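The structure appears below as structure tokens.
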Amino acid sequence: GCGGGAAQDPAPEEDQEQVEDQPTEEQIKMAMVTDVGGVNDQSFNESAWNGHKQAEAELGFSVSYVESEQDADYERNLETLLDAGNDLIWGIGFMMTDAILEAAEFNPDQKYAIIDPDFGENVVPENLVGVLFKAEEGSFLVGYIAGKMTETNKVGFVGGMDFPVIHGFHYGFMAGVKHANPDAEVLVQYADSFVDAARGKAIANQMYQQGADIVFHAAGGAGDGVIEAAREQDKYAIGVDEDQNHLAPDHVITSAMKRVDNAIFMVAEMLKDGDYAGGETKVFGLADGGVGIAPTSDKHVPAEILEEVKQVEQEIIAGKIVVPNNKDDYEANY
Amino acid sequence: MRNIDFDCKVIEMKDIVKKFGDFTANDDINLTVHKGEVHALLGENGAGKSTLMNILYGLYQPTSGEILIKGEKVDITDPNIAIKKGIGMVHQHFMLVEPFTVAENIVLGMEPTATLGKINIKKAIQDVEEISNRYGLYVNPKDKIYDITVGMQQRVEILKALYRGAEILILDEPTAVLTPQEIKELITIMRNLTQEGKTIIIITHKLKEIKEAADYCTIIRRGKRIDTVEVSNTSETELADKMVGREVSFKVDKEDKERGRLALRIDNLVVKDNRNVEAVKGLSLEVFTGEILGVAGVDGNGQTELIEALTGLRRVERGKVEVNGIDVTNNTPRQIIDNKMASIPEDRQKRGLVLEYTVAENMILENYAREPFARKGILNKTAINKFARELIKKFDVRPEDETIKAKALSGGNQQKVIIAREVTNDPDVLIAAQPTRGLDVGAIEFVHKSLVEQRDKNKAVLLVSLELDEVMNVSDRIAVIYEGQIVGIVDAKDADENTLGLMMAGGGNKDEK
Amino acid sequence: MKNKTFADKTFADKTIAYLTKGTLGFSIISIFLGFIIGAIILAIAGFNPIQAYGVMISGVISRPSYIAWTIIGSTPIIITALSIAFAFKTGLFNIGAEGQFIIGGITAAIVGYFVELPSFLHIPLVLLAAMTAAGLWGGIAGFLKAKFGVHEVISTIMLNWIALYLNNYIVLIEGFRRATSQRTHEIQRTANIVILEQWKRSPEGREWLRGHDFFGDALRTPLNWGFVIAIILAIIVWYTLNKTTLGYELKAVGYNRHAAEYGGINVSRSMFTSMVISGALAGAAGGLHVMGISKSIASLAAMEGFGFNGIAVALIGGNSSLGIIFSGLLFSALQYGGSKIQPALGAPSEVIHIMIGAIVFFIAMPKLIKYILHNIKKKRGAKNAG
Amino acid sequence: MLDSLGFIIGTTLMYSTPLIYAALGGVITENSGVTNIGLEGMMTIGALIGATVGFYSGNPWLGFLAAGLAGGVLALFHAIASVTFEADQVVSGIAINFLGPGLALFLSRLFFEGATMTKAIPLDSKMPRPLHGIFPRNSFLDLVFNQYATVYMAFLLVFVLWYLLYRTKLGLRIRAVGEHPRAADTLGVNIYRIRYLCVILSGVFAGFGGASMSLAIVSNFRPTLVSGHGFIALAAMIFGKWKPQGAMWACLLFGVSNGLVVYLGRADAPFQISVQILSMLPYVLTLIVLMGFVGRASAPAAVGVPYEKGER
């Protein structure tokens, strides 16, 4: 029953104390603020929500979300969830970093967590957990697959917007390709958009025309166009964030997945067990299932290559391979 | 000559009442028209003539009353029904689609079609040519409306009605915008039409035309029918008195006056029109203080371009304009106003007024930034309203309310607002372009008086008009414009209609000065 | 029947008479009808509309901080709406407030970060810079229209996109951009316009706020001077349009450019001026947004909608300054209250869009509302007579 | 070289198509005297319904038609408001731009278990490509002509609309209503019927435009798919001086500049420009072209003005 619930809880701090005292008896409330993509973005917001739903199903949490339409909504949406008496509030996406730092500072008794934060020089407060993903590691693996599977020795990368978050995918992928196949060439182009499907399609078409046979995208909705191009040209594409094989079952050979759901579920479990890791930034990589390749990869990728991928994965986890996530690191090593 | 069938009452409008809100535009009007007659409707502006005819044509629904056509009662709820019943109407404000051709305008709504809904434009043109020949209404079906003269446009309007097989033709103020020649032609056309058995209802303010063209005349005043008279038995003065409800004089009272110094000098002016063709071709003219110089001419001989060039609205290609000896060629309108030249524009609604502004705001259109109306960029509403109230009183603008929007005024009152404003600017040169177009007798009287007053105050007045009568009555000197040039200047006292008419048609004598 | 005096009229009759008289009445009825449509949509989606509206309303007014958030949210759209209304009144359709907002934001971020000055100089400087830059940006459209006859709707749509990409270009410039981020450095504290920002963060401030329910709650939010400036701008816009020669000039051009030209007004210059002012207003919105809320600018993947929402706000407010303040608050309340339906009930946010759309739709049709009221009146009349 | 040219032409066609449909929608409604800035909203609903019906029926044509229908239904609201109730047409259009996307998401959740993205349509039930497989893959001719049926239909529609507007009885009436409704009224032309027809058709065309994205360019709908195309189409309609062929050229200009953006952004392009600057190209180019040769465009005289019978 939550009719007007937002208004009925003027003293969230108290609620929370109760929860901490008897965590097993009270239902734990967890909620998230999406970024401007909205909850059904078929990407990390949705994945984050899936993590919440998993926590609901398996841990008995009560979960909800608020969608943001503009950057300006973050702060007040965080507060809406604060007022609703949640035990843990998630901010989804780096754009929310400033807002969540602010909220954490002003509400020292409320627990927060954020996906993909960009703390910079800021100190992470005790009531905030940052969750980072090594997108470059997943990209490295799909790059490896691409490098092995290309018949033309040419593959492509289509970026959404040309900025640091996407550079992880970009250089991780390039490194993976080179690692598998030093002779392979990687064509790179940015769409400068996360929505322009036609632009994505045109870029991919051009890459295929130039001889690429596998194209990896990290371009959101513009990436739909990349996958469509692969379908039409009967070439291969590699999806991102979630398993995008369903968009083109015969053409999306694998996807560089970012398991936001896993990460959120893990943090939820920790919260339930009483070891909420405030003040830290947790980095999820291959080692803890935070990133990886899509389960459907075995449909197209030969088993022996998948075997190699597993090995590479181990090497990365073991630190034998250091995956670059920006231009400088990449150029220093490749 | 007359061809009236008194046994056939083509139209009977009985006890027609039309209310717009609380306002009664038609108050129990009866009108009977017989087959083959030319029936005039006479009345002041706003008397309710157009309303009555719009009811007959199905554009308005009467509040009460009934209409019989050839004895049969009809509910005309829609122009389609009127058209079917053989009624055609030429509206006061032309209903022509400007970018369309003559033929397209005529056939619109009854287009001859081939397969696939395609217009059979050849047939349309043929049909148009055929009826235009039959009634002597010559037009070029392929011309675009915006390229042809107003007189031509009028023909197109009439052809529209005839094309639909109209038996009864309503002409709402058809002559307001025509040249004398065109008016003559129109009257001939009307005769032809009645000879063919058509019936005509004509609305006009021009008594002379009624005398010339109409058989019967119904006079309407303030929505009520005053009388229906046989025109041949009634004098112009009687008609006018019935219309206005008081006595009217036609002559402009004006005393002789010595003209003063040179105020406006136009030297070898060349101006192009919208189509980039020279419309004013080396025109020279001098206007002196204390005189009214009338420019007579048939529409489309460069008058519009001349005025626009003088007032700074159009580029001067070559030549020179001087006001009080100061060169104002290609100055901005602002500079020209500042050099003490004012003008009453040809199109009052397009140029003269901001219809969305109040009367008071319109009164200061050229002086809004001056003291006392504004100081340091801030408007002084009190001063503006006070000024406007004074002018409203002085120029008898009705209603007496400076806070209503200009668009709520009748045309005549709108014109008064403009004249009040321009005259109060105290210019040395006043240009008046078609200042009485569409106005009724009372209003015309007023405008003419104002112009003469300016002359008597030693201003130079340049009057450009298509109404030859007006030019002859008001001016001290008359210049005739033909094809962008002045083809002759005559003293008003020596002028007669025939020579002027000849000059206007290009038969003038150039060296006369 | 006809001779019924005013005193005979029932309260309902009087209400109907009042509502049909002014635009305010129409707006209220439109909003009411919009809520009905929203209720239907909510019901279709399987939610209890009454409960949902309860959440919305209490989510907007039940706490000082909620009211503060509503006010904060209304600030930028009130100002962009003023920008659009100003252009409308002068005969121009400025779809470009969106881009001018962005330009204002960029400029504020630059001047706010790179310039160091005491607050009393810094804040006005940032605001002025934002307004100037956005004014010039708007002026481009005015110039293109005056000089080349380019329709402002096209040019402003194009300029919106150019502004967006310019923003993204500038954000990424080294030295301005935060190290690993697609966001710029925060502006200096001295350019911040959040009310009592320093004090709020100090220990004493926190202590005091803890002890005071009302202020403590209201000041949790980044309540800032933007709203006050918005009101001041609304007054300035109203004053300029109605009381100054400039307003007279610009409106004359808007209503009838031919007459304005004839009256000696420089039409081209007026169009340019009007677009500059309109742009400057939208730029003020962008600048204040950076100074009061975002403190920095970030790469934009899509238009944020401040300009487009401003169009709706301007139109709901009947393009009048006072109307815009109220419609801006309403719009913001709908957005903010609407965002609370999801966490409370699980209803999706597009219901709010449909509702806003429905309200705007009804506001477009005073005639429909007149028609409905007329029928109600007739029915009542019949009942009263019988 | 030829391949690059082919690529640019092909991309131009792909980019222009949705814009052409929507811009033609703008052309027909504005010619009848009703502005429609709700094209964006109508495209969005069209895109969603196209993808949905296409997915569930497996028949792209059905999807395409349904998209037109959906756009038309939304436009009907615009028509009711702006024709019958003499609404401010801009306000009504703005309302449509809220309603369209709102309804699209709402319906998507209804049809796809709460998702705002539709499921992908299999390749063989997408719009057909009539000349697919006729030319060697990625040859010049293939790049240029191997297009979806929607592309060809868009150009066909340009011709059909041109024919309708300038050659037929109905077209003459439509333009008369847009220029001088009272004149048309006095000749017995039914203003209301014509405006309803044109407004609804504009929605149908905009719906086609949306579907040409979700059924051909990609094969699914997501909320960001249309993002701004409706407004660009609006601009193209004005740019094209309210004429079908003019709007088409404007859309092609926009398409070709987008093709150039992609072409110039490739890794081996002769000069490397920052991607954000490159992205401005279509918009800057449009402005420059507008400045260069268009001059004052003239809208139909009565556009935006509600017609009231008996008003003067």
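Letters A, B, C and D mark the chains in the order given here, with residues in each chain numbered from 1 onward.
Note that contacts are C-beta pairs under 8 Å (C-beta built on N, C-alpha and C of every residue); 3 or more make two chains touch, one makes a residue touch a chain.
Worth saying up front: this structure is predicted, and the values here are computed from it rather than measured.
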| item | value |
| --- | --- |
| Between A-C and B-D, the pair joined by more C-beta contacts | A-C |
| Interchain centroid distance [CA atoms averaged], chain B/chain D, Å | 45 |
| Interchain centroid distance [CA atoms averaged], chain A/chain D, Å | 35 |
| Centre-to-centre distance between chain C and chain B (centres being mean Cα positions), rounded to whole Å | 47 |
| Set of chain B residues in contact with two or more other chains | none |
| Overlap residues in chain D, where contacts from two or more other chains coincide | 109, 224, 227, 276, 279 |
| Chain A residues counted as touching two or more neighbouring chains | 38, 162, 192-195, 220 |
| Chain-chain contacts as defined at top | A-C, A-D, B-C, B-D, C-D |
| Chain B contact footprint on chain C (complex, rising order) | 243-249, 251-252, 255-256, 258-266 |
| Chain A to chain D touching residues, read off their complex | 38, 40, 42, 162, 187-190, 192-199, 201-203, 205-206, 208-210, 220-221, 224-225, 228, 231-233, 246-248 |
| Contact set on chain D toward chain B in their complex | 164, 167-170, 172-173, 175-176, 179-180, 182-189, 301, 309-310 |
| Residues on chain B engaged by chain D in the complex (per definition of touch) | 57, 59-60, 78-80, 83, 89, 91, 95-100, 104-105, 108-111, 113, 116-119, 160, 164 |
| Chain D residues touching chain A - in the complex, by the definition given at the top | 3, 7, 10-11, 14-15, 109, 114-117, 119-120, 123, 137-138, 143, 213, 217-220, 222-225, 227, 258-259, 261-263, 265-268, 275-276, 278-279 |
